[in-house]
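As written, the chains take the letters A, B, C and D, and residue 1 is the first residue of each chain.
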């Protein structure tokens, strides 16, 4: 079970911020989320949305272990 | 009598900061100061030294009235 | 170097006092305070979200790079998270250097980074409900100024 | 706008607290503090001389121009005169604007002016006696950056 975290407008859109999802790789995890909520599935692949696996930004697919944390990060704005 | 003020290294060099000098124009005042202290006379015309008459920077010669304040300002550095 | 995320209001002046204290070889301290604007009533509050463990680590990395790049003697960054009322400080950056150019440029650089690239998400609450704020075109080009230099 | 020349030590943090207070539409406060350096013992004190009535009026003129040029909401400048010990503040500049670029640029601009063009004369006291400090080549080119723009 990977721990999935949503931030910013993604969390508002999905209506949740944290959820356990069973997936052996990132592509499977994305498919599982899109299956439950197709609009979220699209939002997660939109331009400007980054993915951090165990607090490191990744690009493309990546294997996930049981203890993995997967965070979806919309465009950032601080200050 | 014009009130002459020296600032910064000019005051150190001359050994005074303020003096009354009788002169009807700036050129006469410069000549009078140079007469008493030739090294100061040269320092007052060196590059980077500005003159303020009644707290306004002037260039070239200018008439002086009795109540005039003439300040010689070496290169400035604050902060 | 101090990097702090806090959900409590903070007082920038007190941070400046501490940051300037006991410096014998620092000629220049540049600071920046970002405040929440009321936007003439259009903004009743800001809400800042961070990713704990990720956001602070990302800011620490950029601050360490700025120390090396601008020969800084010290850096202090404080960033609010949670709900922020108009007039309250959102972000504080202070840089200490021997000379002013380095202190100014580092402070400017760190703010550009925090505005457009640091992992925060910012929501503005107003009379018409909340809206997410994303970096402006100017925020992006400001941050790119530092990429173009070597 | 406040412009102050003082022969007493001042505490920059307290000025920042006052400057940031009760601002509803200010997004950005940039500040700069110039501190006297010990130069590893080579400088035991700085001595700053001003021309009362001329120096404060010259700074007021440049500050008013900066307010117009950078759309500032407020400016506070404090400059020490007299004898200043290492670690003490020499100069404080704070600028308030809606957005950060204007606040930063105005603060940077005012410091460049104060360093190379404001009517102050600066003497450094050290073990080898006093010496007058005049603007460095870098101070002059820094100040010229603002002349080239329109």
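As a working rule, a residue touches a chain if its C-beta (ideal position, glycine included) is under 8 Å from a C-beta of that chain, and two chains touch if they have at least 3 such contacts.
Because the structure is predicted, anything quoted here is derived from the model rather than measured.
Peer 1: Hopping along touching chains only, can you work out the least number of steps from chain A to chain D?
Peer 2: The least step count works out to 2.
Peer 1: Which chain has its C-alpha centre farthest away from the C-alpha centre of chain D?
Peer 2: A
Peer 1: Which integer distance in Å separates the CA centroid of chain A from that of chain C?
Peer 2: Inter-chain centre distance comes to 27 Å.
Peer 1: So what's the Cα centroid distance for chain A and chain B, whole Å?
Peer 2: It comes to 74 Å between the two C-alpha centres.
Peer 1: Measure off the straight-line distance from the CA centroid of chain B to the CA centroid of chain C, and report it in whole Å.
Peer 2: Measuring from centre to centre gives 49 Å for this pair.
Peer 1: Measuring from the mean C-alpha position of chain C to the mean C-alpha position of chain D, what distance in angstrom results?
Peer 2: 22
Peer 1: Got the chain D residues that touch at least 2 other chains?
Peer 2: 34, 100, 111, 115
Peer 1: So which bits of chain A are touching at least two other chains?
Peer 2: Within chain A, the residues that touch at least two other chains are 79.
Peer 1: All pairs of touching chains?
Peer 2: A-C, B-D, C-D
Peer 1: Which residues of chain C touch chain D in the complex?
Peer 2: For chain C paired with chain D, touching residues are 11-18, 20, 22-35, 37-40, 86-87, 89, 98, 100-101, 103-104, 107-108, 111, 115, 138, 142.
Peer 1: Note which residues of chain B are touching chain D in the complex, please.
Peer 2: 5, 7-9, 12, 48, 52, 55, 71, 73-79
Peer 1: Which residues of chain C touch chain A once you look at their complex with the stated criterion?
Peer 2: 34, 48-49, 51, 53-54, 57, 79, 90-91, 111, 114-123, 132-135, 139
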